[in-house]
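Each of the next two complexes has chain A plus one other chain: chain B in the first, chain C in the second.
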Partner chain A sequence: MTSAASGALPNEDTAIPSASDLVIRRLVLWHFVAALTFVFVAMLAGLLFSFQLIQIYPFPGMEAFSPGRWRMVHTNGVAYGFIANAFLGALHWAVPRLTLRRVLSVKLSYFIFFAWQGVLLATVIGLLTGYAQAVEWGETPIFVDPVALLGLILVAINFLTPILKAKGPMYVTLWYFISAFVWTVMVYAMGSYVPEFFVGGTASGAIIGLFIHDLVGLFVTPIGWGLMYYFVPIILKKPIWSHGLSLVGFWGLAFFYPLNGIHHFLYSPIPMFLQYGAVISTIAVELVVTTVIINFFGTLRHRGDALRTNLPIRWFYLGMVFYFTTCLQCAFQVTLTFQRIIHFSDWVVGHSHLVMFGVFGFWILGFMTYLIPRLLNSAGWYRPSWNAWHFWLTGLGMLVMFFDLVIAGLIQGFMWKELAPWEATLTASAPFWLVRLFTGIAIVVGQLFFFANILMTAIHKRSIEPAPTPAGGELEGPSVVTA
Partner chain B sequence: MLESKSTVFLVAGVGFFVLAFVVMGLLPWMIYMDQEEETLEDLVAKGIPHEFVELAERFPEQFSRHFPNGPTPSSFGDALQLGHDIYVAEGCWHCHSQQIRPVSNEDLRWGAVSHPSEYHNVLQRPVLFGTRRVGPDLIREAARRSNDWHIAHFYEPTNVVPTSVMPNYPWFFDEDGYPNRKGMALVAYIQWLGSWLPEYPYYQGEGPAGARSREGDEAALETRRMEGS
Partner chain C sequence: MVRQEDNRPAMSSPEGRSRTKTWVIWVVAMAILIPAGLGFVDKLVQFFRTVQSDSEGAFAIMPILNYLIIAAGMVCLLVWAIAHGMFRDVEGPKYTMLEREAQLDRDDPLAWSQQA
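Right after this comes the complex of A and B.
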């Protein structure tokens, strides 16, 4: 399996060590379980808030259930609980295989695992007891920030050591990982400290914009794409279509993405020439993204049947279609023309859900579907059909939620512009908020299928037969056998 | 070259990030560097809004318990800080913005377009621009509504606005239903937002005498429609 991803690996003097010596499988599994626990909490928090929006909040007037605080648990839980944990698990799987080296220290890895869960717990408790910091997505209380930052530095050291020690040319994935480790530390330090302690007012808005954007663009996106460059060729058993396009995609992202931040505050008091700069570089990112998407669909050529037969591939490519959708949407919504109407509305909420969950969440669920039976030493999944339910409920829920919120956003934006009374805009939004609640419920139920399947697979792993190979496929990973 | 570890680490990782930080972060920072950030004392020295004094008159017993010095500048400073902290802790800023944009007729709905200088004070560190409006913008909220309205509204918004989706905040009140220290501080903070403008309060369509009139606003809206903006 290693050879597929790193065709250019140098022949070292010693024999190639086997993956089982390099990878701490237990830790991968632990990180995944933590990620799924947090995504469940975060989804319930999101559901709670959507009940508030249709006026049937289940715990009205209880301080610990203040909807505003749970909204922050929702966003922070997704970023630092779900995505960070899932990525850490996947990094523990991929980095040793790509470098043929262990992480710097296994003890450190275990320490990071426990420390990170501690950080998350402290964040949740801090947010619920009223210690949020006024940086969107960086609400992590100020007393948690130093620990979280230290954790990120340790993560970077732990993974960068094997990567920098490895000899020979680096595979694409590692370009993304190296820069992501550097970026994440800097982004987190910038967002948590600069607006709070060094600069206030309008200028802090510029920094907060950078932070919001870079957290997606310089932490989640590069690790996400790095993992796609790793898993897709392995599962399809063929190399990435074009190395040149991989280069364009990486360097384009690295250059243009960090310049985008201020597009979160267009028409704000931040100087207009900077806003124009952010708009232009955002449109440039869209062009870059297109090259990456072309590269991956080029890779899929002659293997399109994998979308039907291979569930992880289906998750990955649906995520990529959504990625292209959000980026295309972004190229329009970032223009000043669109901003007049859609800024502050549910359009943006739809956009961010599609990016964070529809893309990166789907990739994570995809590689979990691929890895979890291996981590459990099971021949396959307990019920492949439950995985199909997981996919369809989550995918359709996400799709409907996206369109629902985008349409709601347009209605809100135009009503605001026409000076409709505020209550009228609430009444007009109500049906959309109801639909959104149901899409949220569909997504949660989808995850329940997945959780149940993981549990049953763990319990019954000895009696599970390997799934029959689908016709024409000798692809890696669980196939989709729905019946 | 483009694939070597040092290039990826130094140019893509460090270099491009620093470049973007300088252009998109440091530059705006430098543009406003010469403007002194106003402290709480500076803000209070501009005057205490009448609504704060009114709170003391309306709830004399409770007010003197929560703010023993009476409606003095120091009490007002405390109230502003506490009100701001609650606004952050409760995530009010995720449902309410604090910036008026020069587009989408926001000036007609709420009043003057936001100016950078309005944000150079400690209560905008980090700035509370906001990114989502489930409820209306609040940066021009001062004196738009009475204290009583806010108090009733915080207790249970649907009592005042039946279609409201804003949460109830009974923990801003004591057992007898009077606003507690938190409640008073939050009302003081909300009633302060925008009080620094010469032209306030601004009610959509019905400004105070001499300011805009409802007819004037509708005419303005109509003109903008004709101009297609």
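Right after this comes the complex of A and C.
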């Protein structure tokens, strides 16, 4: 009887369990497929909305297809369909390997998978039929929220059990994961229930501001960085430059980030000391982020060639550069001086696209590029060149979209400040919205290359011929033959 | 040839630290903590004044309360981590993680083929 069959894993003091005993590979793959399905739907929704901006919307007068509703499908699809599914898949890979223990219950993992897809489908149907809550990023219908919250609690229990049983000083990734599991439940409960049932008016606005930002900073950011601290060293086969510095980054995030959200409501009736507190803590987070970026670029020292030869590493580090850019942008845009110009403008849209897709989306695409052949039991991708097309179309599309929206935002902001007629600002914005549409098309085409490559890799699996173990050269591998 | 950096250095012991280094750490820590603490107290006083003076000022409690709940949880986690020796060998876990990964990949024939 194998240890896996008996439900017990070998004692870590005596033996390392096999990877196949620890990781439910099928479930990781399922989560990735679900994530890619939802990102495709979300991107189509974004594309649909961008047609509205250039006045060629294809479904005029149809309530369920109104641009406002599809915009919510776009944002919720990315946050809960794409990012949450991809993270759940990656967590099922990383947590058991880091702790040498399986998740609490494999059955619970499968249940969470199906329940989460049910939550997402109910959310999409609810949003399209007009049952949205008035909470940005938290528009999930009120009847979905209890189920989603229960799902998040189950996720926390399932992953926290092996983490808390692990012995000895913890690796930084696990610190990030522990906090993310606790924070996400709290943030989701706060955003879904407090503005709806407990407070109103300005207090509700303050809570919604906290929710928007905490969703990014206390759910997506800790899991995203936790996964980077895991994947970057194992791909580079080199430890992180300074584990101590990585802990500074973690604890800095823990104490500075939670107050940031109120910076969404500068110049509002919220007391100024709260607004200034949010500004100061946001600038403090930028300092913390700098330590994290220094740590990762220190890790890349003497291995810069990986940026050219290793596509997952390229995705990761481009995402990190974008992350530093968004945080630097944030440190400036939370000042009252910047807010006078950029508030309500496309600058903010460019910022949010860069952080949600340019950073976390790119990291997700990076670890999917690394893991998917392995999950499909293939020794490599069907066409590596298609992955390069995926990277360049997505990367350039994102970069151009960001600059396009930032410039559009500045033009809009200064025109509003000069009290230009509203129609004049629309006319000035139109060319930028057209460019935005084409960058969106480039990103969608890039994803099609990736989807086609996954499909063909699954159909034409590559087998492995035994080869001598490479002596230190991780770019060498076993010789590959197409099956 | 890839540089091998997984040679785990010996764990540094507190006894090995010089007295000067300890003093420098304390001075720098105080230089940061005292102004930050004074700023915090000042904001706290403003907070209580707002709550008491304005009939609608109590709404400020909710966002502050959310922050304090999260921050209090993190303080508890930090104290627990210190008490359980999580920071005694600060650099150790990064080597342990890589060693375990290498062991897990040893029996996986696909582990060497992960270059996209």
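Definition applied: the second predicted complex is superposed on the first by the 449 of 483 C-alpha atoms of A that agree within 3 Å, B and C clash if a C-alpha of one lies under 4 Å from a C-alpha of the other, contacts with A are read in each partner's own complex, and residues count from 1 in each chain.
Methods note: a contact is a pair of C-beta atoms (placed from the backbone, for glycine too) under 8 Å apart; a residue touches a chain by one contact, two chains touch by 3 or more.
Small disclaimer: the values here were computed from a predicted structure and weren't measured.
J.: After aligning the two structures on chain A, examine chain B and chain C and state clash or fit.
T.: These partners clash in the superposed model.
J.: Of the two partner chains, chain B (first) and chain C (second), which one does A:Leu365 touch, if any: first, second, both, or neither?
T.: In the superposition, A:Leu365 touches no partner, neither chain B nor chain C.
J.: Touching A:Ala19, do we find chain B (first), chain C (second), both, or neither?
T.: second
J.: Between chain B and chain C, whom does A:Pro271 touch in the aligned arrangement: first, second, both, or neither?
T.: After superposing on A, A:Pro271 lies in contact with both chain B and chain C.
J.: Touch check for A:Ala203: first (chain B), second (chain C), both, or neither?
T.: A:Ala203 contacts both chain B and chain C.
J.: Just to be sure I read the superposition right, which of the two partners does A:Val444 touch: chain B = first, chain C = second, or both, or neither?
T.: Touch partners of A:Val444: none, neither chain B nor chain C.
J.: For A:Val135, decide between first (touching chain B), second (touching chain C), both and neither.
T.: First partner only.
J.: Let me test your reading of the model: by the given contact rule, A:Leu247 touches which partner, first (chain B), second (chain C), both or neither?
T.: In the superposition, A:Leu247 touches chain B and chain C alike.
J.: Counting only touches as set out at the top, which of chain B and chain C does A:Leu259 meet: first, second, both, neither?
T.: In the superposition, A:Leu259 contacts both chain B and chain C.
J.: Once the shared chain is lined up, is A:Met190 touching chain B (first), chain C (second), both, or neither of them?
T.: Both partners.
J.: Between 4-12, 40-48, 76-84 or 94-102, work out which stretch of chain C sticks into chain B after superposition.
T.: 76-84
J.: List the residues of chain A that touch chain B in one complex and chain C in the other.
T.: Residues common to the chain A contacts of chain C and of chain B are 169-170, 178-179, 182-183, 186, 190, 194, 199, 201-203, 206-207, 209-210, 218, 247, 251, 254-255, 258-259, 261-262, 270-271, 274, 277, listed in rising order.
J.: Given the complex with chain A, which residues does chain B contribute to the contact?
T.: Those residues of chain B that touch chain A are 2-5, 8-9, 11-14, 16-17, 19-21, 23-25, 27-29, 31-32, 35, 37, 86, 88-95, 97, 99, 101-106, 108-109, 114-116, 118-122, 124-136, 156, 158, 161, 163-165, 167-171, 204, 217, 221.
J.: Would you mind writing out the residues of chain A in touch with chain B in their complex?
T.: Listed in rising order, the residues are 52-55, 57, 60-61, 63, 66-69, 71-72, 130-136, 163-164, 169-170, 175, 178-179, 181-183, 186-187, 190, 194-196, 199-210, 212, 214, 218, 247, 250-251, 254-255, 258-259, 261-262, 264-265, 267-271, 274, 277-278, 339-341, 343-345, 348-349, 413, 416-419, 422-423, 426-427, 430, 433.
J.: Could you pull out which chain C residues touch chain A in their complex?
T.: 1-6, 43, 46-47, 50, 57, 59-60, 62-64, 66-67, 69-71, 73-74, 77-78, 85-98, 100-101, 103-105, 107-116
J.: For the complex, which residues does chain A have touching chain C?
T.: It is residues 16, 18-20, 22, 97-98, 100, 168-173, 178-179, 182-183, 186, 190, 194, 198-199, 201-203, 206-207, 209-210, 218, 230, 233-235, 237-240, 242-244, 247, 251, 254-255, 258-259, 261-262, 270-271, 273-274, 277, 302-303, 309-312, 369-371, 373-374, 377-381, 384, 387, 462, 464, 469-470, 472-478, 480 of chain A that touch chain C.
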